[in-house]
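Below you'll find the structures, each written out as structure tokens.
Look at the two complexes coming up: chain A is in both, with chain B in one and chain C in the other.
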Partner chain A sequence: MPRPATVPMANDDPPWLSLKMREAMEAWLFLGPTLAGFLIFFAGPLVAVVGYSMTEWNLLSQQSTFVGLKNYSHALTENPDFWLVVRNSAIFALGLVPANMALALALAIALSRPFRGVVVFRTVFFAPVVTSAAAWAIVWKFLLQGEAGFVNQMLAYVGIAGPNWLREPNWAMVAVIATRVIKMVGLNMILYIAALQAIPRDYEAAARLEGASSWQIFTGITWPLLGPTTLVIMVITTIGSFKVFDHIYLMTGGGPENGTLVLAFAIYEQGFKFFNVGYASALAMIMFVIVMGLTLVQLAVRRRDT
Partner chain B sequence: MASLTLRGITKRFGRTEVIRGVDLDVKDGEFVVFVGPSGCGKSTLLRMIAGLEDISGGELRLDGRLMNEVQPAKRGVAMVFQSYALYPHLTVRDNMAFGLKVRGVSLPDRLKQVEAAADTLKLGALLDRYPRELSGGQRQRVAIGRAIVGEPQVFLFDEPLSNLDAELRVHMRSEIAALHKRLGTTMIYVTHDQIEAMTLADRIVVLRDGLVEQVGTPRELYENPFNLFVAQFIGSPKMNILPVAAVRLPAPAGAVKVGLRPEDLRIVAPGAGVVDGTVVHAEYTGAASLVHVGLDGGETCLVVCQGDGPGDGARVGLGCEVGRVRWFGDSGQAVSQS
Partner chain C sequence: MKTLTTLLAVSATALVLASPALAAELRMTIWTGNEAHLKMLNGYAESFKATHPDVTVKFETIPPGDYTQKLTFQLAGGNAPDLGWLMEDAAPTFATANVLEDLAPTLNSAKDYDFADFSKPAMGLWMTGAKVWGVPFSTSPFVIFFNKDMFDKAGLEDPLALAAKGQWDMAKFQDVSKKLTAANGKFGFEFKDGQGYDSRIMHALMPPIRAYGGDVWVGKTCGFDSPQSTAAVKQLHEMVFKDKSIVPPGEKGDYFSGNAAMTINQISRASLMPQAGFKWGIAPLPTGPGGESPVIGQAGIVVFAAGKQKKLAAEFVAHMTTKAGVATAAQFFPPARQSVLASDAFVNSNNLIPPAQMKVVGDAIAKGKVLPAHEKSPQILAAMKPRVDALWRADANVESALKAVCGAIQPLL
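Entry: the complex of A and B
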């Protein structure tokens, strides 16, 4: 009698590793490269900077002495330049963030709907974002020269005597902020365009049917729905404004009369001009805490509002 | 309440004409449903009535007043959108009050009107919730509530039930019908679901390719379709269309097609009906079976049969009362029996 065909039985022996452990191993395998990069290039340097900030370490003499929190107390209580630098950074951020966001939103509203040539306009406003910071700064340095500068010549045509933008302490900050806004506004514009296009058109149609004006639609519907995007933009722009270095270095070198000396540039000067690595590290940690604090405040405000 | 008149209404997007001359009269307090296949222009026509789309040609009148150039908010219409379009950052109360607020109605009056609308739709317990905290049916009711708060003259519904599951759709359908009875306001309702159209409408407007194919009561459309398109669009399952030669019936002059509704056919002995065939397949649906009969001429005919149908492969005849048969001419237009 022929034997009936049978389905081969699965091996009933328990596997060496449970399914959960095998899945965990796979997860760690995928996470590994990113985690290694994070530890080597972010967590490691951060811990190192915390350590350096508690030393008096001159890069030239290669002598390092543990001084505890002395660098922090020196910056916060003894060095008057520190508060000037913080003030300049705050002015830079307060000038740049609202101007950048307002301009980005205005451009996004204008360019979020299709019309002939819209891609050209979007490209024009986004192009500076991908332009070399060095080239951008050098070009603007020429444009903003005293009487011979293009900007002042244009102002002269309409009867305005422009200042020497980069040589006067108050105007230098204005000029640096303005050129930075023009350079970076395209990035936020793109983020706002994406957010505006994600708002269903039916909301506007419904509001219009109910009698809302364009301004009421913007304040009552569009702006609140842009909230999450606005928060992201505000956080990244604030962080970017505190980290600004290239613009200052190339356009004003922190001057005139320390009028544009901001935190990131001061850290560079302390570390690589005066070789005070310990003090520069302490400044870097203070900047980290300021930026982290501002970000947390922004997140908390946003959470409260929703 | 208001009457609505459309005369020669057209709509062009660039070179494409999507509404090609629509004439329609909607009476005060009437419930009119626009039906048609996707892309026939029914939603576009509704948005033109709302003022959300420009009118390329023709006249739109509300209570005799020309509305072509009047702003949406000043037409006295309210619309319930397919997506509901509830503002996600506002509570139900604020959603319903939004229109009153932008029109400058005082806060106490706003609250009073919202409460009244909420009572009508049993939304009182939901007023402080956000749209994300509501079920599909509740969102639908809020959308309707937002529309009735403004006390419009005409309600416009753009496929409002299409996002709901079948059971909820039936329930909301009856709520909308009850609301119409209670308010007595003119309502224009767009759907591609002919059951919705049949159950809700005082009159149905069947649209195809931007043109009105037929306007009539559900019964008129079902029993006396003007043409093949309407005959097949109205009724479920759809009407069987066969060549006149396939049936043993005297055809009127000019008829080339014959229409037999599945529910009008009955299974009889072979040779005893108007046509013979073989059962291909029967779908049991509970109360009835839908029997697919392959005819000797090669066509397939659907028959609604009470209870179980005959088994697959059974040889059957199909009978039908002569008065229930519809005839169509070469161009698809209905041909009368006499």
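Entry: the complex of A and C
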């Protein structure tokens, strides 16, 4: 029998909790798991690394001594290899980020409109992204051998004597950047395609009616509207370029002549080859600050431009 | 009531006495996955049951490339194995870090062990004063593996024959490498496992440097830039870039698949030869102005101080390295025990290598010197690597590159 409308509804909520407190409790319950994950897997390790970076801790002997900022001062003022490593990381990022973004945008423009076989082309360019990084690096290492390597044999067909790609410092850097660009460009291409397809066609149609050329449409309409996507791509590609490790480890091992020794690889060497956990942690913190700084600069530039 | 209590007490005591001792399992880390090696190791575990019936041994294979690193993680992570193999370059680092157990008390008290039978030079890396940090299970000299078919095709005497006549020296080595390259269209020589420019720098440079009478370092002094070392490396450089008879950096020329006429390696690699499909042999390293100077690679068995069953683990080490134990392993791993080395059983122990060639191995152990090791070996190798890379350019200045090597490693020595 239906309850008479005049009978007040029983209130199941505990009378001692106000509405505001109940809402807060519910919010904490929903936030709790994520917050716990953040504290355990991000904030905790970050604080621990800050602590480790102020110790001289040998992983093998398990001896640890508090040394304050000595690891930082050693890296920044005494160890000449540190600045070489920073320089290499910067060259890697400066080579990889623009090349990756330009190629991704070009591919996205070419593949954002429907034509026969477009899905096949998109799949071909995206496939390296989901390919095992180890397999990718090893295959390229094989292809980039000296005179007998596939790449140099192809170059020889057209009369070019290719260098010994992975044995000459400058060419080794070019080789790891190029192979990394080919590996990761598909991801940025997909992001750009999604952004391009979200731009209303009316804008282009209206511009054409006004007599705008394709270049004018691109520079005046498409590129500005791609701004937010470009920012995201630039940030994640820059962060990724500073964190590169597997590619370097498998293709060059940081060589030749330390020509491809980048920050993430130097951290690995200090921590896991020389067992200097304290110094490796200091390098990791420096890398964190560099990447965070670059990200903030990119965000600030974007904010200023909009 | 009193009778019942007494009966219960007697029964309980009898049950405790009759029950077997608590079973124990030792965990030993190794870097081989070879079936024959594992069979031999399991044989040691089986025969250990004669004195320790309730002890089993679990062998855990870690790939050699990551071995020292993964072992370190296990130790640092509080998951120390009881015992394990250790490579020679890691021995001083581990001993200095106090992570190894002194085996001397167990070995000296083991029945019929005869510790003095181990050759003194072979024990050098594994002892500090009277303390014994490990027992070498492999004291394996580097030898030249040669492709007899390629020598025959080039109409050349093979290195074993040349050595018998006292003509196998560094000059001859360069000469035959060049002729082999011309006659076969394949490289004359390949560095150990094709890694002489990367992870096997020492294995590439040490033999010629010692043949010329030099050394990479002596005590705390770097020897890379000595006149002897410079002459040796200049010869290698000439062979790589002028003669083009050594597989150059960045190229593949695998000896074991017939793409190089000679290589340098240890006899454990003979296991690859039945599948190689060509006639082969082993010979001593070429001599030089420094005379005969065989180079030896070593590996030892150690007990970890953080292990939970140190005494039992040390007893298992003693069991594996008795005279009988070492004789069993000699088919794969050349021994450091002089009695085994001198026995006929040793020269007949490897069914792939004829006794005359096994004698080459025995002679090299008797006359050789172990590869250099240092408590800062990982740092030294990392400091050397980029400077040694500079050597392997066609236009390299060998003298200045070697001086740069010394500049980088001298502070670490």
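FYI, the second predicted complex is superposed on the first by the 292 of 306 C-alpha atoms of A that agree within 3 Å, B and C clash if a C-alpha of one lies under 4 Å from a C-alpha of the other, contacts with A are read in each partner's own complex, and residues count from 1 in each chain.
The criterion applied here is as follows: a contact is a pair of C-beta atoms (placed from the backbone, for glycine too) under 8 Å apart; a residue touches a chain by one contact, two chains touch by 3 or more.
Keep in mind it's a predicted model, so treat the numbers as computed, not measured.
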{"item": "Superposition on chain A - do chain B and chain C clash or fit", "value": "fit"}
{"item": "Which of chain B and chain C A:R208 touches, first, second, both or neither", "value": "first"}
{"item": "Chain B versus chain C as contact partner of A:A148, first or second or both or neither", "value": "second"}
{"item": "Chain A residues touched by each partner, larger count belonging to chain B or chain C", "value": "C"}
{"item": "Which of chain B and chain C A:G220 touches, first, second, both or neither", "value": "first"}
{"item": "First (chain B), second (chain C), both or neither touched by A:E257", "value": "second"}
{"item": "Spatial angle chain C-chain A-chain B, Cα centroids [nearest 10 degrees]", "value": "150"}
{"item": "Touching partner for A:V301 - first (chain B), second (chain C), both, neither", "value": "neither"}
{"item": "Least Cα gap, in Å, left between chain B and chain C after the two complexes are fitted on chain A", "value": "51"}
{"item": "Contact residues common to both interfaces of chain A (with chain B and with chain C)", "value": "none"}
{"item": "Chain B partner contacts - residues on chain A that touch it in the complex", "value": "200, 202-203, 205-213, 216, 220-221, 224-225, 227, 306"}
{"item": "Interface residues, chain A side, partner chain C - complex", "value": "58-62, 145-149, 164-168, 253, 255-258, 261, 269, 272-275"}
{"item": "Of chain C, residues touching chain A in the complex", "value": "69, 72, 75-76, 93-94, 96-99, 197-198, 248-252, 378-379, 382, 385-387, 389-390, 392-393"}
{"item": "Interface residues, chain B side, partner chain A - complex", "value": "47, 50-52, 72-74, 77-79, 81-83, 85, 87-89, 98-99, 102-103, 146, 150"}
